[in-house]
Structure formats: structure tokens, C-alpha cells
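Letters A, B and C name the chains as they come in the text, with residue numbers starting at 1 for each one.
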């Protein structure tokens, strides 16, 4: 019950954020001073009558606040309007591109976290040995590699060693889809792997030093139980926080990786939309990605309230603590 | 900390005749003699020449510098000393809890005749928790903060005694009732942050005795608790000692605690035992100048002067190796003999030994 | 990488090596006009896509421009922009963060709400939004990344200020009647400086990567200005013909960012006494 009310509180905190974010997206795009009509017409010439008709059709003659509300309300119903250039339904356009991006984000997060947990725990229990050093160097390289560079290298390597396999371009079947997103997901997971490994390692080292681990050892529990049930479970809370923050970075990283692998995802749609000032597309994608990010954050909040009962009971003090911790961690999560 | 802290409940001048803790202690000694006649050699724990060196940021710390100590079955042995005298380090060394790479042990620890330092990892696991139980100073941090307390006890039962979750839960509730935590069913699911320090120490005790160990090592179990709770916890320990016939090694800096429940007491100073003997003998006729000084510091409730006394001087440097008596520079009786070699071991009556060159 | 081991000296091998590399990168790129053998935009179609030679150390691109010269000039753009990004975030983030941590209360709550909103955007997406609002180009991207970094710097300095605030020296400064301004900037800030410095060093690295990402997508620095990100993007299409076109800026980015990471860790390890390496006994067990 208290868990449920915690979930509701978190969800309620989310609404004002979403309102402000959507307003930011909408109004900042209008700041650019590019006239939508000229985007729609492109190189073509048109009479005033046609222009007026377009203005009415896209509600451009209404005050901008009204336009915002109209957009927001229809977006809530799932209707994102039609784009300026090809007059396609934006919702359908996005839906057709979602599988790639969502697949990349989910798969890379899962793979990156799983590998990071293994590496981090291993480095912590073999602290200051060659295993730890090797993992450190590996992690350092992955940290400094921008995902698009890794993508280029992987693509070069695969072209050299597996010239018969194709990893890029469109796909027809689910098998092909899985084959297409697997390699980019691995690439995308590298940055996350690097960061999360560090967090897991330092969290585990801290936990292994704590008093309750001494108690667990004095009880004569086997090493694996101590490491996983007592140390890792306790160390996993900051890990979840950082994973949820870093999920945002994989979302924007997906855009980059898609473009290197020429995958038909949201990234290409977004970048082209920005270049062409095709606002209905840009604002819809930005809004959806922000919502995705917030939902991931909410999901993780709920998971760690499950793990650590203190968070849901004293949500205020725990929030302050997590905020402090986030401030330290946040920076590390914020790069492409 | 230079002085030994004693709560107000402790000694009155005529402590022998009082009905307080000491009465219990001598009774215990009597029972002990029946259980384990002194002429028969039967030791539960036999520590011989134990040295523990710890690697720290400042260099090698010589925490324990050659300790001989024995615990007989069913007895309560108190180990007293100032903070930093190595008593907790010694307690942890008994089950080899120190970080392996940072610690160097020498000497021998025999538990029921088996050498603890020769045990392999698996044996050690079975030994910890199975034959020994441990409780610590700060129960709040000694328990895993994000697991329900009952689960932490049940876990031990499952791992060490192969119980199913259901059996373990039932047994845990019985244990909780045995340490006077009611209602056990409801407390089972609570988290450490929902309980008080005294409660948590009871939980720790229940956890430590869950596998019926022969020896309970209690490392300052009452230091973090307030005085009334302290007395209850000591009563509980005493009861478990009687009911289960379980020996207790009680580490404390508090003579009052020793007086209340111990049969024998060992006084430690700077990593060595300076005096060891029956509680009554040591308190009545302290033979080592350090013990005398410590007992002098204990405030007396009947006395007219309410002056807190302390021992002048400071503890010797833990990072240096010493051979000679370490208390000499603070000792009012120190003479030439004190600086020359290790203090002599000397018997003062039955089971009462003192390490002093004088 | 936090290796968590040092013997207490500041000039350890990693710090010295990365220090030398970083100085070299800084000097070579800042004085690019001096070190570059030719004009980075000199087009010579007859020399297009040449392999490395003495004349062109790293070969040429499809229009015959010298890759080595472009690398140096591109580094100048990349490093300068990254430093500007961090500069913006310092100028706004540190004072705001310190004030929030020191005063707390309503100011703190309000500012933190604002940061939560900015942080609701997955990092680079806010950059996209800024670019669409202010147009493509390096000014917009530098501004965008600078603003994206403000919340993080300010959260960090806030938490540092909150920790410092409760220490005795702040109380004694207060008891002497010093002004808040003086306490914050003359007493608290210097105590946080070391941690902030380690963090800001890292940030320069992240900013280089972030800016390169935007340039790579064609949203940041616009051709013909050379920039590591843009060079990478131009090189991708010609990977088979001349891999050095994208590999050399890629290598430059990785080398610089790794050095910044190690350097920052060196600072942190130096500051963190608990993490110092302890000698070990021979294993006893």
C-alpha cells in the first residue's frame, strides 16, 4: 500500500515537469524565426490564397499559446499532426521508425548493465590485482571512445573480416531486424558499460568494507552469498540511479549509432527534421524521447524503492541523499 | 580515551556482600568447577602467543603483541582494556575476520584442539557461525540495512543448518521470543531502521546463537546502548550462558559489565594481557599496577569525594615494536627491571596470573 | 579510471605522462598556424586522397586538403569550443550551486526544480533543441552544451557547499561577522576547488565528445571550418579510400579524452587519502 502511494507520488511529480518540457520544446522551436510556410513551400512559388489556406489548415493564424495547447491536447490523444514537407502523418512516421530506436536503447541498456555488473564485481573482489588493472584499462578506453567512433571501427572491422554479412540498412523480417540491431546495440552499450563498471566497482568496495559484511562473514556465510546477496544488493541502488540517468545518454547515442549504421530509426528522422525545420516531426520526437526517459527514470525509482524500503518510507530524506549522490554521478553519465 | 568509563550502577565499597552482579559471578565460578574440574585439562579456546600485525596507512600496527588466553567450556571470560589496546582486534582474530592481505597472524589459536590458522576456507566457513557466534558494538550498522531482520536470522539457519524457508522462519520466531522480542511474527518482517538499538542487539544475539555455537564472542555488546538496556542485554547473555552452556568471550572497556556477568577477567594493555584471573581475585587483589590504576579510576558511589581520577600519560606507540613492559612509563612503581626484557609471568594464587617484572 | 592507489606523491607516472600529452595537444592545436605545414583549406584536386607521405604526413582528403594540417586546426576548434563550454558552465553553475548549497530554502528548491527540468532531456537532445532554435553552427552548440552542463556543475558545487557549510571554519567565519559573499567565495570555494578542478578536467573531455557528436551529425561546426567531429563525418563516406581521414581525428579525440580522464583521476587520487595504496603482507591464508 505504501509502495503504491509512493508510486502515485512519483507519478504526480512527473506531470508539471512534462508540461514545462513540452512548452520548452514547442516555444523554442518557434524561436528560430523560420516561417513554417516557407518550409512547406520549399522552392515553389504560391499565391496569397494558397498561403492563407495553409495558414488556416495548420492553425498558424491563431495566437501561439492556442497553437501550443492545441498541439499538446492532440498529442495527448496520440495525434501529432502532419509534417510540413511531405504531409505525412507524424504519428505513423514515428511508429514505423520506433522499433529500431527502442530496440537499440533497451538491448544496449540490458547488455551494458549485465556486463558492467560482472566486470565491476570482479574488479572489486580482485581489487588491486592484475584483473582489476586490466578491467580499469579496458574501461578507460571505452569511456573515451565516442559511440560513433566505436561504430565506425566496428563497421570497418566487420567489412574486413565478415564482408559477406550486412549490418546496415533496412530490414524485412524479425530475424533481419535482430541481426541489424545486435551490433549497434553492442557498440551503444560500451559507454554505459564503462561508466556502470566504475560505479559497481566503487560501490562494491565500499560495501565490502562495511560492518554488516563483517557480520555476514562472522556468520560463516559462503563467499558468493556475501558478495551477491549482501554486498551487491546494497551496492545496486546507486547503480540503478546511474543506469536510469545514463539511459538518456543511450537514447541520444542511439541517434548517432543509427546514423553510422544507416538504420531506419528515429535518429535520422530527427536530424533531418532539424535540418529541414520540419517542426511537427522534431517536436513530436523530442517529446516522445523525453517521455521515454522520464518513464525509465520512474521505473528505476520504483525498482529501488522495492530494494531499499527506506526510500519509500522517508521519501524526503532519501531524495536528498539520492540528489547528493546524483550530483556526483550525474556528470559522468552525461556525454554521448 | 584515557580513562575507563563506568556507569553509576557499579561498585559500592562492600561489593562482596552486595546482592549484585558479583554474587552471580561467584556462583558461576562454583558451577564451573563442577562442570569442569580444574585438575582436568579441558579448554574450549586456547590462545597461545597470539600476535596480530595490521597494515595501515601509517605503517605496520602491532595491535596484539603476544597474548595467551584460555576459555573453558561454559565460562564467561571478560577482556577489559582501554580503547586501542587490541582487545577487539584479538576478538576478530579468533575467527580470522581480518582482511587476509592486510593482516599477519602469528602464534596459535586452538579451538577444541583444532588450529584455527590451519583451517581451509570451507572449514573456516563452517567454524564461523557454526561453532562461534559474534556480536558487535553497533548493532545498527552491523545488520544489513535493507533486509528484514528476521530474514537475516533465517538466512543463517538456511545456510548453516539446511532449513527450508518455512522451518527457518519458525525457528527464527522462536529465537526472537527467546531473546524477548515480541511479537516475533511481526518483528520478523521489520527492517533494522525500524527498531531500537537494544532490540537490534537482541536480534544480533539471536542470530549469533542460532546455530548453537560453543563460544559467543561479544565485542563491546553494550557500549552503544544506554544503561538500562545494557543491564537487560547482560541479563540475556548470562541466561543464554546458563541455559545453553555456551562460553562467552566478552570484550568491554567497562569494569561494571565484567563485575556483572563474568567468571574470569583478563586485563589488556597495549596488545598484551597484563593480568588474568577470577573476577573476585582480580578485583579484590589487583596485582598489576595497571589494573590497580584502572580500578582506582572507577568512581565509587559511597565515597565522599566525587573526583574522577585518570591514569597519567598516554598509550605507547602502536607502530613500534617493544619487548619490555609497555606500562612502565606510566607506572608509579617502575624500576630498572622494567626496561629489561619482557615482563615475567607470575602466578598469584589459583588461576590468577600477572605479567609484571616487579 | 579510479585506480584507488597512490603513494601520496602528486607527480606520479600517469600524471606526468598525461600532463605531457595534454600540454602537447594544447600547444600544437593552439599554435596550429605555426605548426601546420599548409593551409587547412588549400584545395588541390590533383593531390586528392593521397596516402601519407613526407609532404602530407597523414595524406590528403578527397579535395586534396592536407589531413595533418586540418587535424591541428580542427583540434584548435574542438579544444577551444570545449573549453568555452566548460567556461560557460563554470561561470553560471558554480556561483548558483554554491549559493543554493549555502542558503538552502526556497532559492535552492526553485533552482533545483529548474535543473530537474533541464535534466529531463536526455543530454544531447537538449543540444538538438537549441540547435533547432538558434540554427546550426558552433555558437549554438557551444551555448547549448554550456547550458546543459550548468545543472551538473551546480549540483556538484551545491553538494560540496552543503558539506562545507556544516564545518567549524564556516561557523567561525560567521561568528566573526563576515559577509555571506565573503564566506562563500573566500572560504567555501577554495575548499571545494580541488574537487571541482578534477571534475572540470573531466568535463572538458566530455565536452569534446559532445561537440564532436553534434558536428558528426552535421549540426555543429559547419564546413569548411575544420573540426574533429566534422572531419570524422566527412571521412566515414571514404573509409575504404582513405581510412586516415576519420581515424586520425578519432585517435586525437580518444587520446585527449583518455589523458584528461587519467589526469583528473590523478588529481582525485592525490586528494583522496583513504584510497592511497597500502603495502601488503605476503598472503597468510
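Remarks
Heads up, the rule we're going with is that a contact is a pair of C-beta atoms (placed from the backbone, for glycine too) under 8 Å apart; a residue touches a chain by one contact, two chains touch by 3 or more.
Since the model is a prediction, treat every value here as computed from it, not as a measurement.
Distance between Cα centroids is largest for the pairing of chain A with B.
Chain pair with the most C-beta contact pairs: A-C.
Chain B has its Cα centroid 54 Å from the Cα centroid of chain A. Averaged C-alpha coordinates put the centre of chain B at 55 Å from the centre of chain C. Centroid to centroid, with C-alpha atoms defining each point, chain A and chain C lie 22 Å apart. Listed for chain B are residues 121, each touching two or more other chains. Residues of chain C touching chain A in their complex: 1-5, 112, 116-117, 119-125, 128-136, 148-149, 151-153, 155-156, 158-159, 162, 199, 202-203, 205-206, 209-210, 212-213, 216-219, 232, 236, 239-240, 243, 246, 250, 253-254, 257-258, 261-262, 277. Interface of chain B with chain A (complex): residues 92, 95, 97, 121, 124-130, 132-134, 136, 138, 141-147, 155-156, 159-160, 191, 193, 204, 207-208.
Here chain A touches chain B in the complex through residues 210-212, 214-223, 225, 229-230, 233-234, 307-310, going by the rule given at the top. Residues 17, 20-21, 24-25, 28-29, 31-32, 127-128, 133, 136-137, 139-141, 143-149, 152-153, 155-156, 159, 198, 201-202, 205, 247-249, 251-253, 255-256, 259-260, 270-271, 274-275, 277, 279, 282, 286, 289-290, 293-294, 323-324, 326-328, 330-332, 334-336 of chain A touch chain C in their complex.
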